[in-house]
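The two complexes that follow have subunit A in common; it is paired with subunit B in the first and with subunit C in the second.
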Partner chain A sequence: MSPSLQPSLPTSTLLDNRHHVETPEGIDLLLRPAGVIPRALAFTLDLLIRGALLLVLGLLLSLLGNLGSGLLLIVLFLVNWWYMVLFEVLNQGRSPGKQMLGLRVVHDDGTPISWGASLLRNLLRFVDMLPFAYCLGLISSLAHPAFKRLGDIAAGTLVVYREQAEPRPNLPDAEPERPPMRLDLQEQRAILAFAERAGSLSQARREELAGLLAEPLQVLPEQAEARLNGIARGLLGAS
Partner chain B sequence: MRLTEASVTIRPRSAWEALDLGTLLARRHAPLLMASWALLTLPLFGLLSLLLWQHPSWALFLFWWLKPLYERLPLHILSHALFGDTPGLKASLRALPRLLRPQLLASLTWRRFSPTRSFDLPVLQLEGLSGKARGQRLIVLGQRDGSAATWLTVVGVHIESALTLGLLALLYLLIPQQLQIDLDWKQLIAPNDGEGLWLEHLSNLLYALVLVVWEPIYVACGFTLYLNRRTALEAWDIELVFRRLRQRLTGVAYALLLGCGLLLSQLPQSAMAAESRQCPVPRLDSFGPNAERLLNQPLTSQAANQAITHLLDQPPFSHRETVTEWRFGEETPDKPKSEDDAKAFIELLEAFAKLVKLWDSLDTIALIFEVLLWSGLLLIVALLLWRYREWLQTFAGRLNLPRRHREEAPTQLFGLEVAPETLPADVASSVEALWDSQPREALGLLYRALLSRLLHEFRLPLKSSHTEGEVLQLIQGLEQDALSQFSSVLTRHWQNLAYGHRLPPAKLKPALCDGWRRLFPREEARP
Partner chain C sequence: MKQQQFEQQWQDDWAQFEQRLVQLERRKTEDQGQNSYCAEYRRLCQHLALAQERGYSSHLIERLQQLAQRGHQQLYRQRSQLGGQLLAFLFSGLPQTIRQQWRSIAVASLLFYGSLIGMGVLVYLFPELVYSVVDPEQVEQMESMYDPEARRLGHFSERNSGDDWQMFGFYIMNNIGIAFQTFASGLLFGLGSLFFLFFNGLMIGAVAGHLSEIGYGSTFWSFVIGHGAFELTAITFAGAAGLQLGWALLAPGRHSRSEALRLAAAEAVKLVAGVILFLLIAAFIEAYWSSMTYTSAQVKLVVGAALWLLVASYCIFAGRQHAPD
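And now, the complex of A and B:
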């Protein structure tokens, strides 16, 4: 990897799976729409859960004769049409399958999903299913930049990855120090990430990375890593 | 490989997100990927089908078995396109023979069924590793995202079959109905003399077409999964920022050197500005824009800041209003419910057990349910009606037929009072009493009473412009013989009296009065 002095591409053409949503207050929300594969797995899980539920209820209700079959029809209706809607609206956009895959449904602007949108997107499953086994939904999902199926497009909803709380990273021990130059946010983050991810990088790679900044930091390449760790400590502040 | 030229945002992602990025990458280069895939596979598919025309399943199987070979082409294109160097269609096809050679046999035999095929391919093709080195590399790479690669293959198999079956179903839906009835399915499904082979080849072709769409995505997803793993292992994102930082800092150093050189070359002229007031250059290491600056002049940064804040606080920049409204007080906090819930659940279970015991009385329960359901339905309908009552009032009125507005019954006809309240209670008796002394008034009263009855009981639309003859015609329209006969007799004698001043014969009195009593018998019950 030779050092490059060529200007990088403008950020707008860079491909990313994150969507920026700007709130009226000027805050950028980062949404990460989920693609076909996790969604297909979540749907399969939901399908299995519903199947098991219907099987158990069917066996129980078959003890009750005609009343049972009547009740079973009602349950069938509820499970078929309301399972997704109720879970999505009442459980923060997560059906059990989505919960297991770490997904949730929100509106396009990141707000929690409403009754109308949830009903619409789940009613339109029957369009997505055409002509067989969710073909239209698959094609729409693969072709849409935010992986929306037709129901999502109609209802203005988005299936996104939930933000998971991450464990607090451990920084290597070093004497905290102030950075000798002005650093913008991205650069501060990179230095912090360098210290945080030290455990997952090999020794040689760490030295190579730190060596990149040895010249601007005015230290020998061997000492650059310790220096960077110190700067990271300083950026993190007292902890 | 220059990371700064990468056309995707490099950062460590979760495995699922890496797959999504692959979908986006394939989408961006879709025309090239799909065209090259189609140019490579469709002729081969045609060749295989022609060679094995009698054995369509074998043709499909062979075509399917060779899939790892075709996948090398999209990976070649993607790996170049990632760093902004997208090859053309011709160039990528020309590179194909070189791509196919390495580890051809292994890819087609014991690695054919590897579930992480798309994830492993970059190691073989881009890193050029083989043998033991490849195995070790795969172990390192597969430590975290191997399961996602497996799921990619598993879901991919299902997507392929779903899309193929979907295309078949679509074709079937497009067959006209009559043709559908005439089709001999048995013949098509189990052809005895090769007649239905074309159908199997058609469905094979559908599979080949589906692969044109799906395989580039599959390869791209495996590729981005590989990239993501290397990004995490080698901290590509950090390297990228560090390189930029170094470029910025060393670039600044060069600029400083250059600036110093320029300054030194123009040193003699600097004496001209010797008496200018000293203004300290702000420190580079200040605390951002909020630090106090410009302290040696009348308008300091703080004063300016305050003035700006003050100005922004006034209209038109800020708009304030005070709204006073009534609200409900704080709702009472919910009582702890868990015990109640548990109790209720146990009760529910007991009730359910009882329900099972009451095997014979199930009909009653079913009846109760029926009643409940029906009453629920009625309730919903009533609620709907109530909810939309205003709409119904507004629009349902328009749907109705034009309302029949009753014409106000006239109170006078031919100068006679015909309102029912002006008549005596017992008309016939009054007429009998009046007949001998004042026959004109008696007959007038009777005629008046008749008109009044016609107006208010028979709802005859009489107008003051009607003549007596027209009234008679209207009465005949009612088709009541007794009434019309009575009316015609009465009218004739009334006309004789009113216009001809000829008194009615005396024997008419009982006839008319009896006729009246017969026609309107309730008269008798009234007094």
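And now, the complex of A and C:
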């Protein structure tokens, strides 16, 4: 039997808080739920924006006398209860604060949020804020695996990070070679990932990681890194 | 197939799809070419599956994953005709929901009208009881508001059209806010909704009893009967929706508590939409009709009774012809 890379790879399930959603096309969507801190920051930003909006409108409408103060009350109502709902449904699940922090709201199944769900999660915010300063919401978010506050649980919604494209990593230069043994999928992915991440690892760390595989690759520890890069190039194919 | 070849072969398709996504995300393109979008999306999903199956590198998989995710968002995005949906909801969805959920509405109504009528009768018989729930200052304010001598009724007696607007805004802000609280606090095992229903019943009952007792009854009742049809009904609906949340938590049945809550909330939110609608109508009537003193009290009572009948028949009869059976 050929030597295997298996011992160096974790066989137990990895620590992973991504939310898997299988679509009818048979692929898994990976949603990354956002934690308490970015969501609190987004909420604070939204609060500031709303405050500024009300201040400006308040000054303008105060010129109109009683008609103005009536309109201001309606504006206050809209801003207070509908700001989040309108933005979430009409702007791809993003209020301005969420947009700035790269967050968006989706249903549990990854589909864009609907009027009903958005209304629910934002009305129930009232309960999340009880008894003061978002206490219930905070406890609920910290205890829930997907960081849901009570409103999110009831509405079946999820606040996730927006997907952001990464720049293409440069594979280190190496002569393409064949792997010395049959690689299974995980091992193949691991070697490719090692080569793709080379730019973000320090020299010492790269040597240390590659050194773990020196024995199954049947090379000296110093040559292991170059060997792995070569195998990665080989897996990728000639360009 | 090696990864490089695969990428070279499909590079252009992916770039094209991404461009299309950018356009869709900015809502530039109309729904033309819907079919080709679906086909492109499915092909991308297939490429993602292939890339995963063949163990291609993380960067490629990540990229395809993100494209698929964005494609998914656009495929399922809300492209409703809001106007049409609203009309359908108004003429069949809402009354059907009301009839479906009559149990919780009955409980909420019993609590609300029970405390209202009970307190009203008590205050009428023992006038000093009003001070046990309402501040003396507020009582005085109420008395001046419904003084039969005033030209206009409501919160300010002397008003012009600007004031009407002001009161319209005030009623929307205040009443819908209270209704939203009544609903949302139902999440606390229904206790919040119970409290708000009971408490609002007590307050309204006490004021009604007191004003009737001191002889302002005709101005008070003719003022409130019109918008009351919508406003009081809306409060019971909000309470009922809140009680459903609480009930789902207390007795989740064959679901987990969070799942039961989710299912109950999806139903309850329809009632809440009805609440918003009713309260908008109520605020309109209250600001522009109830406060007028040009019409006699009799006319207002008759119109008010007609409005109550309208609300009742809407809840009972509307949307029957659309029902499946």
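Note that the second predicted complex is superposed on the first by the 217 of 239 C-alpha atoms of A that agree within 3 Å, B and C clash if a C-alpha of one lies under 4 Å from a C-alpha of the other, contacts with A are read in each partner's own complex, and residues count from 1 in each chain.
To be clear about the criterion, a contact is a pair of C-beta atoms (placed from the backbone, for glycine too) under 8 Å apart; a residue touches a chain by one contact, two chains touch by 3 or more.
Here the structure is a predicted model, which is why all the values come from computation and not from measurement.
Visitor: If subunit A is used to align the two complexes, do subunit B and subunit C fit next to each other or clash?
Guide: Aligned on subunit A, subunit B and subunit C clash with each other.
Visitor: Scan A:165 for contacts with subunit B and subunit C and give back first, second, both or neither.
Guide: A:165 sits against subunit C, while subunit B stays out of touch.
Visitor: Which partner does A:110 reach: the first (subunit B), the second (subunit C), both, or neither?
Guide: second
Visitor: Between subunit B (first) and subunit C (second), which, if any, makes contact with A:174: first, second, both or neither?
Guide: Neither partner.
Visitor: With both complexes superposed on chain A, which partner does A:123 reach: first (subunit B), second (subunit C), both or neither?
Guide: So A:123 only meets subunit C here.
Visitor: I'd like to know which partner A:69 touches here: subunit B for first, subunit C for second, both or neither.
Guide: second
Visitor: When the two structures are overlaid on chain A, which partner does A:23 contact: first (subunit B), second (subunit C), both, or neither?
Guide: Only subunit C; A:23 stays clear of subunit B.
Visitor: What is the contact status of A:155 with respect to subunit B (first) and subunit C (second): first, second, both, or neither?
Guide: Only subunit C is touched by A:155; subunit B is not.
Visitor: Would you sort A:49 into first (subunit B), second (subunit C), both or neither based on which partner it touches?
Guide: The answer is neither, since A:49 touches no partner chain.
Visitor: Quick one: is A:193 in contact with subunit B, with subunit C, with both, or with neither? Answer first, second, both or neither.
Guide: Both partners.
Visitor: For the superposed three-chain model, which listed region of subunit B (81-89, 333-341, 387-395 or 423-431) is the one that clashes with subunit C?
Guide: The superposed arrangement places subunit B into subunit C at 387-395.
Visitor: Take the contacts of subunit A with subunit B and those with subunit C, and give the residues found in both.
Guide: 64-67, 70, 183, 186, 189, 193
Visitor: Which residues of subunit A touch subunit B once you look at their complex with the stated criterion?
Guide: That would be residues 1-6, 8-9, 13-18, 32-38, 40-41, 63-67, 70, 101-102, 131-135, 138-139, 142-143, 145, 147, 161, 181-183, 186-187, 189-190, 193-194, 197, 200-201, 205, 209, 212-213, 215-216 of subunit A.
Visitor: Mind pulling up the subunit B residues that touch subunit A in the complex?
Guide: So the residues of subunit B touching subunit A come out as 1-9, 13-14, 16-17, 19-21, 23-25, 27-28, 84, 151-152, 155, 158-159, 162-163, 165-170, 173, 213, 217, 221, 232-235, 237-239, 241-247, 249-250, 284-285, 355-356, 362, 365-366, 369.
Visitor: Please give the residue numbers of subunit C that touch subunit A in the complex, ascending.
Guide: Of all residues in subunit C, those touching subunit A are 2-5, 25, 41-42, 45-46, 48-49, 53, 55-59, 62-63, 65-66, 68-70, 72-73, 76-78, 160-170, 172-173, 176-177, 180-181, 183-185, 187-188, 192, 245, 258, 261-262, 265-266, 268-270, 272-273.
Visitor: Once bound in the complex, which stretches of subunit A touch subunit C?
Guide: Subunit A reaches subunit C through residues 23, 25-27, 29-31, 64-67, 69-74, 76-77, 80-81, 89, 92, 106, 110-117, 119-120, 123-127, 130, 150, 153-156, 163-166, 168-169, 183, 185-186, 188-189, 192-193, 195-196, 232, 235-239.
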